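Both of the next two complexes hold subunit A, though its partner changes from subunit B to subunit C.
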Partner chain A sequence: MIKRKKNVFVRFITNPKVQPFLSVILPVALGLFIFILWQTQVLHKLLHTDTFTLPLPSQINQIIGDNIPKIITNVKSTVLVAVIGLTIGSLIGYLIAVIATVFPKWGAGGLSIVAAFNAIPIVALAPVMTNWTKDVSKDASVRSMVAKILVVMIVSIATMSVNAYRGLNDLPVFSLDLMKSYAAKRRIVFLKLRLPNSVPYIFTALRVGVPSSVISAIVSEYFAEYITGVGRQIRENIVIAQYATAWAYIAVACIIGISMYCILMIFEGILLRNRRS
Partner chain B sequence: MSEMLKEEWKKEIEIKIDDVCMSFKDNSGNDVQALNHINLAIHKGEFISLLGPSGCGKTTLLRTIADLLEPTTGKVRISGMTPKEIRLQQKFGIVFQSPVLFEWRTVKKNVELPLEIMYWSKEERSKQADKMLELVGLTKFADHYPKQLSGGMQQRVGIARAFGIKPNILLMDEPFSALDEFTKEKLHDDLLKMWRETNKTVIFVTHNIQEAVYLSDKVCVLSPHPGRLSAVVDIDLERPRNIRMKESQHFTDLVAKVRNSFEGGSL
Partner chain C sequence: MKLVNLMKGHGDDMRDMRRCRTKKMSAILMVAVLTMASMNGCSSKKETTKTNQTNQTTEATTTSPEGTTAADTSEAGVMSNEEIIKQAASEGKVGNWGLGNEYEIQALLTKYGQPITYLSQAFDMDGFDDDSISLASAMTFNELGLVKNSYDGGYNYGNTVGTIDMNEEGVAMLEDNIFCTKAFAMANPNTVKAFIYASMQGWKYACENPEEAAEIVYKYGSSVSPDHQAYMASEVKKLVETDMQGSAVTELGKMDEAAMQQTLQLAQQYIQLDDATAADKLSKLTLDDVRDTSYWEAAASSTDGKFGDLEKTDVTIQLKWLPQAQFMGYYVALEKGYYKEVGLNVDVVSGGGDISETTAVSNGTVDFGVTWLANLIAANAGGMDLLEVSQVYQRSGLVLVYKLDTFTK
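Here is the complex of A and B:
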C-alpha cells in the first residue's frame, strides 16, 4: 500500500507536464515559507536579532507604500546609470570582439587583457572614477552620473567582448568551408555567418551583464559625490539607523534586478525562439 | 537527354588528378603521408565513389579537389582549370558529414544562402529554392527552422542547397554516415534521381562498400598508411538502380570484388 502511494507521487513529480509548474511552485513556496518565518518573527529568534535591525516584511511594505514618489526618483537614477552603462559598455565590448576577429593575430591576446578588467573590483573602481571625473562638469549631479556610468561600462565591456568573440568565432563545423566553397568574401562571411551566429552569445553576456550592471550602479552610488540612487539610499539610511527604510530600498534594488532580468528573458525568448528545438 | 548523348558526355574527362601527394606533420612532428601519388581521371557526368577506411585520405582527396586544401605536390585540373578557379566561379556544390544548416534561417532561406552570395535576384532565388525543395520533397517544410527537422530531412536540405547553385561538380563527404539505414536507402534513391535529372559529376566519399557499389559508376578504393589508390572498380549494374538490385548475385559479386581490392587483404 505504501509502496503504491510512493509510485503515484514519483510519477506525479516526474511527469513532464507537471515539471514546469513544479519548477515555479517550489521556489515560490520556499520564498513564502521564509516570509512567513520572517513575519512571525521566528527568523528573528533563529538569528538572535530584533525587529529594529531586521524589520518585518509588513513594515518594509508600509514604508515602500508611503515613499513611492521618492523611491521612483531614486529608481530612475539607478536604472538610468545601469542601462546607459550597460548599453555603451556592451557596444564597445562587441566592437572590441569584432576588431579581435578581424585581426586574429593579436585579437585573442588583446582580448585576454580586456577580460582582465573583469577582475577589477567595483569597490576599487568607483572611487577612482569619481576622482577622474572631477572636472567633467560643474554640476555635481552630472559628474557623479558620468562616474557611475563609467564604472558600469567598464564592467560590461569585459563580459560582452569575451562572449561576443566566442560567438563570432565558435562557428558550426564546416560552416567556414561551406562559405569558402561559395567563394564568399570575408565581409559576406562576417554578415551572413559570424554576426548571426553571435546573437545567442550576446544574450549570454547580457544574462551576466544585466544583474552586474545593477550591482555596479548601486555600489558606485555609495562612492559618488551626488546623493541619489537606490544604493545611496541604502547607505544613507543605515548611517542614520533607519533600518526599515534601508530595507525598503534593498527590496526595491531586488525588484529592479529581477525586472530587468525578466525583460531580458522576454527579448531572448522572442529573438531566439527559432534556435531551440 | 538521350542515352547516346549521355554516353558521349561521359567520354569527356572533367577532373584530372595528376600525381597528387599530401603530407602533414602530426602532433609529435612526424611526417604523415595522407595521399601518396594519386592519379585519377573522372569523366563528365560520372558518379564516382572514393571508398576506404578512416585514415585512407579519401576526405583529404575530396578537399583537395574542392580547393579547401592544397596538395603538397602534384596538381588537380578541372576542365583545364585549377580547383581555385573553379571554386571562385562557384561551380562546386558540397555536402558535408553534417548538414551545416544555419539555425537562424528557415529551410528555404538556407537553400537560398549560396544564391544570395552569388547575387541572384530575390525572385529567382525564391523560385530556385522552391524548385529544389520540391525535388527533395520538403516543400511543406520551407518555412520551418532546421531544429524542427529530423537528421535525414536536414541532410536533404543540405543536398537541395548543393544542387541549387547549379554546380558542375557535386562533392559529397560521407553525407549519409550519421543517418539510419531506412533514411539512408531513401536518400540514395533521391540522390540518384536528382543526379540523373541534372547530369552533374558526383564525387562521393564513403566508408560503406554497399553504398559505394549501389550509387556509383566507378568505385575508387583507397588504402591507408600511406593513403593510396589501390583499385578502381567499374560498377556495371544497370541504371536506374533500385533497391532490389542489392539482392542480386551481381551486386554481391561486385561488393566482394571491391572488398578484395583493399590492399593488405582483410581490414
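Here is the complex of A and C:
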C-alpha cells in the first residue's frame, strides 16, 4: 500500500509538538481579530451601535492609563472582598462536606439545603446582608466590607461543599473495599483515601468559585453603604452616562477575574503535578 | 440454614424499614423546626417594629404640645446647621443615594469645609430610622413625607425631625426638567413647542388642584399609597411655583438664568469624570450647550396651542422615577386631554432604579425625558447631545433630614 504524503499544512497542524502551541495561538488570534474589528468600528456596524455606547479600545485604555491610582484603590477593595470571602466560604464549604461524609444520614439532606443557597440571586442577597450587618461596626467601611464578604462567602460555600462532597465520596472502585480488607479505621480511610482523593475536586470547585466570587463582590458593591470598588464605579458611571469610563472599569473587572483564574491555574499545576501522568 | 437465612433477611428488612422511618421522622422534625424558627423570626421582628412604632407615636403625641413651642426649643436645644453638618460629617454619617444625586450635598459639605464623602443611602429611609445615617438625604415631596407621616410606609417621626434646605444654604441645583436631543428639537420644533404647551397646561391644572392630580396619578399606576401621593402633590406644587429665593413663579416651566448658571457652575465643580476628554468638555460647557429657551418661550406666549403642522404626533416621555405625583403634570395633561387638544398622542414611560433617562432619550428609545439638569450636563460632557427645553422645578427639592434629639446641645 502506498502511503500518500500529506501536504505540509496538515502535517504541521497534526504535529504533536505544535499542537499545544496552536491551542494557545488560535484563541489569541480570534481575540485579536475581534479586537481589530472593534477598534476599526466594523463591530459597531455589525451590532448597530455607536462609539458612545461601545467606546473604542484605545479610548478605554486611555482612561485606564489616566486613572491608575484610583483604579488600584477600587481594585484592592474588590479583590480583598473576593479573596477573603472565597477563602472563608471554601473552608466552611469543605467542612460541611466533611461533616456530610462523616454523618452520611444527615449529610445528603444538609448538602441539598446548602446547594439551595446557591440558587439565591446575589442581587437579593446583597441588600439583605447590608441590613443584617448594620450593628457589626460603627465604621461604615468595616460593616460594608463584612456584608460584601458574607455575600461572597455564601456563594462560595455551596460550590465548594457540593464538589468536595463528591471528592470525598466518589472514590476509585474497590479502594474502599481494599481499605476495609486492611481493617483500616475510619479515620485512616479518611486521611489516606478520602482527603487526597478530594484535592482535584477542590480545584474544580475553585475554578467555578474564583470567577463567581469576583462577580458576587462586584454585585454586592452595588448595595454596600460604603462607596468603593470596581462594581460601584461601573454602576455610577453608567447611570451618569459615562460609558467610556464604565467600560474601563468593566475591562478592569475582566482583568481581575482572569488574573485570579491564572493564579489558581498555576497553583493547581504545582500541586497536582504528580497526579498527571 | 435456609430458615436462618430467611430470618436474617427478614431482620435486615425490618432494620431497613426502621432506618427509613427514623430518617423520615427526623426529616419531618427538621422541616418543622425550620418553619417554626422562620415563623418565629418573622413575628418577633414584626412585634419589635410595632412596639417601636407605638413608642414613636407616644413620643410624637407627647412632644406635640411642645411642638407649639418648637421654635424656641430649637433655638435653645438644637445645634445650628453648620454644627450639625460638621458633627455628622466627622462621624461619616451623611447619606445620599449617589448616582448623580450627590452634587448638592458635596457642595454643602465643601461650604462647611468637610470632606465630600458620604454613605450610600438605599431607596428607603431605614438607614435613617436605625441611626446608621444621621443626616440623610430626602426629597421634600417623597422621603421627607415618609419620615414625618404615619400613613402606610411612613416612619411617623412627626415634628421630631429637622431639615437643612439646599435653597437656603445657597447650594441648590435645578432638578426635574423636560429635555430631548438637539437633533430631535431641530427636526421637530412644532412638536416640541406643542408638547411643552400641553405639559405646562397639565402642570398648571395639577398645581391648582393637587388633590385631584394625586388621584389621577394614583389611577395611572402608583408605587406608593394614595395618602403619600396626595402629600407628594402638595409638596411638588411648591417646587413648581416657587423659585430658589422663595418668591412665587407665575410662568411655569421657565428657565431662570441665574438658577441655571448656579446649577452649571456647581455641576462643573462637583461632577468628577475619570474620562479626560469628558472632563475637559465639562469644564468648557456653557448654558447654550445644555438648554434652548426658544421652544418654551414660543409655548408660553401661545394662547391656543397651535404651532402649525406637527412633525411628529406620536411621542413618548421617559420619567426619571416610578409613576408618582413628582410627575403629576404629565399624567394630568394625559387625563385631561391637553395633549390630544394640541394634536399629540403621548405615551408616558415610567422609570425607576438604574434606568438612565439620558441614555433612553439619546439613543432614540423615547423622544422626551425628565431628568435633573446636572445629569443632563454630565451626559453632554460624556458625549451626548441633549437639550433642556423647559425647567419644571424652579427650586431644589433636596433636603438633609435629621432627628432633633441626635443633634441637641
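To be clear about the criterion, the second predicted complex is superposed on the first by the 269 of 277 C-alpha atoms of A that agree within 3 Å, B and C clash if a C-alpha of one lies under 4 Å from a C-alpha of the other, contacts with A are read in each partner's own complex, and residues count from 1 in each chain.
Heads up, the rule we're going with is that a contact is a pair of C-beta atoms (placed from the backbone, for glycine too) under 8 Å apart; a residue touches a chain by one contact, two chains touch by 3 or more.
Computed from a predicted structure; not experimentally measured.
Participant: Once the two complexes are aligned on chain A, which partner has more residues of subunit A within touching range, subunit B or subunit C?
Facilitator: For subunit A, the partner with the higher number of touched residues is C.
Participant: Would you check which partner chain A:Asn169 touches, where first means subunit B only, second means subunit C only, and both and neither mean what they say?
Facilitator: After superposition on chain A, A:Asn169 lies in contact with neither partner.
Participant: With the two structures laid over each other on chain A, which partner does A:Ala244 touch: subunit B (first), subunit C (second), both, or neither?
Facilitator: After superposition on chain A, A:Ala244 lies in contact with subunit C alone.
Participant: For A:Pro196, select first, second, both or neither according to whether it touches subunit B, subunit C, the two together, or no partner.
Facilitator: First partner only.
Participant: With both complexes superposed on chain A, which partner does A:Lys180 reach: first (subunit B), second (subunit C), both or neither?
Facilitator: In the superposed model, A:Lys180 contacts subunit B only, not subunit C.
Participant: According to the stated criteria, A:Gln41 is in contact with first (subunit B), second (subunit C), both, or neither; which is it?
Facilitator: neither
Participant: Answer with first, second, both or neither: which of subunit B and subunit C does A:Arg235 touch in the superposed model?
Facilitator: Second partner only, subunit C.
Participant: Quick check for you: in the superposed arrangement, does A:Thr53 touch first (subunit B), second (subunit C), both or neither?
Facilitator: After superposing on A, A:Thr53 lies in contact with subunit C but is clear of subunit B.
Participant: A:Ile227 in the overlay: touching subunit B, subunit C, both, or neither? Say first, second, both or neither.
Facilitator: After superposition on chain A, A:Ile227 lies in contact with subunit C alone.
Participant: Under the contact definition given at the top, report the residues of subunit A touching subunit B in one complex and subunit C in the other.
Facilitator: Common interface on subunit A, subunit B vs subunit C: nothing in common.
Participant: What part of subunit A is in contact with subunit C in the complex they form?
Facilitator: Its residues touching subunit C are 52-53, 59, 62-63, 66-67, 70, 105-106, 109, 127, 130-131, 134, 139-140, 223-227, 232, 235-245, 248.
Participant: Which positions of subunit C touch subunit A when the two form their complex?
Facilitator: Spelled out, the residues of subunit C in touch with subunit A are 23, 26-27, 30, 92-93, 98-100, 117-120, 122, 126-127, 130, 132, 271, 273-278, 354, 356, 358-359, 362-363, 375, 378-379, 382-384.
Participant: Residues of subunit A touching subunit B in their complex?
Facilitator: The touching residues are 172-175, 177-184, 188, 192-193, 196-197, 199, 274-277.
Participant: Residue numbers of subunit B touching subunit A in their complex, please.
Facilitator: 63, 66, 68, 87-90, 92, 94, 96-98, 100, 102-104, 106, 113-114, 116-118, 145, 147-148, 165
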